[in-house]
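Consider the two complexes below, in which chain A is the common component and chain B and chain C are the respective partners.
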Partner chain A sequence: MRFLALLKKELRECLPWLLIAAIAFLVLGGLALRLMIQSGAPFRYPYHFSPGSTVNRYLLRASPLLSTTGVWLFFISIVLGLALGIRQFFIPHFSRTWGFTIHRSINKLTILCAKLFVAAIAFIISLGTVWLLIYWYASLPEILPFLPEPRLFIEGWILIAMGFTVYLGTALAGLSKARWYTTKVFPLAFVLVIIATTVSQWKLSTAFAVMIIGSLILLSQIIHTFLNREF
Partner chain B sequence: MTETVLETYGLTKYYGGTLALDNMDLKIPRGCICGFVGRNAAGKTTAIKLMLGLLKPTAGSAKLLGCDSQNLTPAIRQRIGYVTEGHHLFHWMSIASLEKFQRAFFPKQWDDRFFSEMIEYFELPKNKKIKHLSHGQRAQVSLALALAPNPELLVMDDPTLGLDTAIRRQFLEGMIQLIMQQGRTVFFSSHILGDVERVSDRIVVIDKGVIRADCSLEQFREAVKKVKLSFSDCPPAQLDIEGLLHCRRSEKELELILIGTDDEKIKQWADSAAAIKYSIVKMNLEDQFIEFTAPPNHKKLFQWEKN
Partner chain C sequence: MKLKRISKYIATPAGIFTTLLIFLFVLVFLQFFVTEIVILSLYKTRTEQSSGPDDPNSKMHRSAKNFLPDGTIHLVYVPDKYRYADKVYRKEQIFDANHNLLWQGLHKDNPYKYLSWPGWSRGFTANSMKEIRMITPMFSQTLEIPVNSQQRKVEQVWRYAPDMDIFVGYRFKTGIIGYAGSTGFTKSKDKARPFGRFENCYAWCPKDSFSPTLLWQTNRCIYQINFEKQRVDLLSQDHKDPIGRIRTHMWGHFSLDPEQFHISKKYRPIIHYSTKDGKHHLIMREPQQKLTITVPEDWKADSVKLTATQKNIFLKHQGGDTKLSAAPPGFSKQWNEWWRDYRSKPHKRWVELYKVDNQGNLELLNRFDWISPAQPVSNTLDPRLQIKGYVTGASPLAYDLAWSLFGDKLYRLAHQGHGISREYAGITGRYRPGNSIFNWILTVGMMGVAFWHGFSRRTCWGKFILWLVLVGLFNLAGLLTYLALNHTTVIKCSACGRRRGLEKLDCVRCGAELPLPQRRELDLLFKT
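Here is the complex of A and B:
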């Protein structure tokens, strides 16, 4: 009941951002896909191949979809991560509501869990659902000249996970009591490294591993900081 | 033996190199209404946050209801009401949704009727959002939220700060409702001495992070005295009177602030110092507090040296 009350409160606070992200991705991502289909881009080779070279099946089928909709997914996911991190960890500091939030008959860790859980759900519901919808639409017969690769779908989820990593970095920065121009921004710099490392990976498993390890490092730091922080 | 509900041992807090609270020892028994008074930046909020485990002490410790403040369990927190300084609540919530949110944390002890009665008494519409309430109204909601779970210990950080006289009176009446219930303990900080005088039975004075007085209100009222002495010539240079806090001199007059000096000793000293006239000036609590916490060489405001 207590956890549920916290969940409701967190969800209500994140709801505007969740809706904005979902609508923005639905409109911009969907529009990008539609324009691409209308322009006939998926029917052309995205790369020039010299005679006799091996045609990369993935590049041929994947790039048109991700190069347009994927950019929006990446961008919106990062913005959502920043927005949720600021809403959950910076705003309580500025509005001085930490004291009221922390002094309750519940463990501090549960309060943190409610925040993280709601953020994860927000990413899944807003961006995950819309991405699923767009992918489903692209997979319909006669929309594209060929069915999109399943790998594409997973890559979309990696982009969503990148947004969640940005959220974790923002959360840690929000919890830090250092000055903004010193160690407070370190978590965000760390997130940049994670993102750069992830996008440079060709193998999906390696990309996932980088994301998970980076997120776990951030998560352990968030838990440690939250439990030992002064409010 | 009276049970102690709030105690601190050598509680000390530094913010970087700045000392905010110095070696605070305090014991508040059950049923006590304790006014915690001090000037701005005296260390009141720091002390309260340390007691509630919201800050970590540099040294020392605090116990609330027998539990270390740094490890307050949910069960203990459930027995403690806390009104934060400035009454910062979730702005987007309405009073009704805030009630619902708060009730979830006190499933067995939340008093619906009491909360509704208080909100009605304060004439607040339940569907109004916190962001649309005035500071005073937020204070009233804050108090109702803290009192409705019927806490054994109520800790309030400057609850009447920024409230007008009428709202402050209402707020204190709300507080008295809790006090009337037996065995409830209230620890509240304030720098409005009238409020402290109205409801407290004990006063703790803090100044620059140091506890300067911890006694019953009557004892404090008795102890702090202002004595005015007139002399035919210059007042004596050496003032060897017991309990002297500070003094102000003029050409032929001397004004002494004394602590715990009884009237007989004052009379004896006045005679020995060859004072032609002396009088013990009656002070209200606010004057006593100002004199008590004034720095040793302070001059009265707007009193300039004549050239």
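Here is the complex of A and C:
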């Protein structure tokens, strides 16, 4: 019951951000897809080749029809990660409410678990569900000239996971007692390295491995700092 | 509390790793920034130094060695001021093998028609494929081949599916129309066989078509895929050894350039490639013919070129007495010294033209030898390398250690890899200290600072020594990491008067415990 109460509290605090992210992605991502379909661009090939000519290799590259939606997913996922991290770990520090949360009759680890659990749920509900809806819509017959590859769906989840890594980095930065111009910003710099490494992977398994290892590195430090820090 | 202890053992190394990684990136950024500024400031003086007088040997060395179909060699020299001029306006001087001037004038008026040789096929490589498959915010891309009608209307699109290694064909609004694999086109996905590990792809439109045809090279085979006619032709045999890069000549496309158009009538379309066993393979059309040529073992694969006219097949081989450096190029002092030594001495070079018969036997037609002159080399090291010596002073010894243990892998990754792993390997190679004395001095200095700082703050010897080793391995980045994670307040010990940390109860020097606060008059608790 105590854990549930904590969950409700965290969910209540994160709900505005969760809703904003879901609506923003649904409107912007969905609109990007809808506008592209209405423009008829997916049903036209952009280049024409002359007989007897060498074909420029770069003209044969084809971007997926959900690419603009992907950009919105990435951007909103990163912003949601930052917003949730700031809401859960920076705001209690500025508003001096850590004391109220920590001195509940529940151990520190449960408090941390409630925060992490709500953040994960926020990503799954607000972005994951909407992404599932958009992908399902794009997979309907006669919407697009080709069915989107199943790999795209997984890539979408990798972009969502990137947002969660940003959340972990922000959380660790919020917990750090160092000054902002010293090692306090290092977790966020580390997240940039993780994202850059993930983005340059071409195998899904390697990309997931990078994300998981990076997240575990951050998570272990979050647990250690949270359990040992005086609030 | 068990988790608290477990988290300590995982979180501490994780924290060190995170901090160290960020400091290493900051260090590399600064090293890059300083090196680039110095290179830019030295650029002008270096370009002035590099231009030298045109002596006869240098002229001969810089001339193109062209063969006529009868085997006669001509040296075609382009003066410096025309070197980068457009072909039409380029002035040339043509000499015979004894360096007698035969002709001079504009390139377009050249009366001699030399043998034309194939160039590298600059297609879509395996690395390009990996790059477009990267999981970016715009999602990964793939290859898409349209099949256009004579009215230039797209009828089908064939998309490459890298996970299955086959092409999937779509018709707009109709859905999937078929699959293309190594065994040909099929309606069933199960019957489509994968092509094999992708290496290169080259595309052109045939003379009578608006749709691209692909030359698809895997590590063991070469296919030609015509999507319009729905044909997959296996051009090469299925080799046991991996095949190298392919060269093409007049294969597929024709050029609108009049000179090239004139050549295309006299030559047979060819694909030339070599296999790891040292054999060269030629695939020819008009008429269809395949030929395998065995060359002497000491000939490097890149030094051989093949061409086929309507009458004969020719092989050109370029050789020299150069011994390659054992060190990877550009990264080390050792390579730089080899390069200076190489430039400072004249070298013997030669070019040979062979006629190839239908069994692949070689008959020497002509050979030309010349000496490539020594190049002026300053007595001092390249100034950029000198700056690099100072800049890499702060580099970690761990880079050197990594290169000595996994040098081959890192070199391959830095040159043939892609994406961020290539950058990481390149960074460690470019900024490795290379056993410099300056780096050793700095490393010892950093360890000294860490020792001075940590001795009074140490809580146990093992931890203290591990930190010193880390600082030794990572130099400046290691020291900064140590300071970021270990800086604590020190006080003067009440017993011995020397500095001591507050992390440990007893003084690290005299063993005295931390002093208790003085009892005061109003301290009712202690009085009772």
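Points worth noting:
The criterion applied here is as follows: the second predicted complex is superposed on the first by the 210 of 231 C-alpha atoms of A that agree within 3 Å, B and C clash if a C-alpha of one lies under 4 Å from a C-alpha of the other, contacts with A are read in each partner's own complex, and residues count from 1 in each chain.
By definition in this document, a contact is a pair of C-beta atoms (placed from the backbone, for glycine too) under 8 Å apart; a residue touches a chain by one contact, two chains touch by 3 or more.
Note that this is a predicted model, so its numbers are computed, not measured.
Touch criterion not met for A:87: it reaches neither chain B nor chain C. Touching more residues of chain A than its counterpart among chain B and chain C is C. Contact with chain C, but none with chain B, is seen for A:207 once the two complexes are overlaid on the shared chain.
By the touch criterion defined above, A:227 reaches chain C but does not reach chain B.
In the superposed model, A:99 makes contact with chain B only, not with chain C. In the superposition on chain A, contact of A:142 is made with chain C only, not with chain B. Looking at the shared chain after the overlay, A:115 reaches neither chain B nor chain C. Touched by chain B in one complex and by chain C in the other are residues 228 of chain A. Across the interface of their complex, chain C is touched by residues 43-45, 47-55, 57, 60-64, 66-68, 70-71, 73-75, 109, 141-142, 145-147, 149, 151-152, 155-156, 158-159, 178, 182-183, 186-187, 189-190, 193, 196-202, 204, 207, 216-218, 220-221, 223-225, 227-228 of chain A.
Interface residues of chain B facing chain A in the complex, by the touch rule stated above, are 49, 52, 54-56, 74-75, 77-78, 80, 82, 84, 86, 88-93, 100-101, 104-107. Taken together, the chain A residues at the contact with chain B in this complex read 1-2, 4-5, 8-9, 12-13, 95-100, 102-107, 228, 230-231. Residues of chain C touching chain A in their complex: 3-4, 7-8, 10-12, 14-15, 17-19, 21-22, 25, 122-124, 128, 130-146, 148, 152, 154, 157, 159, 161, 163, 170, 172-173, 175, 201-212, 252-254, 418-421, 484-485.
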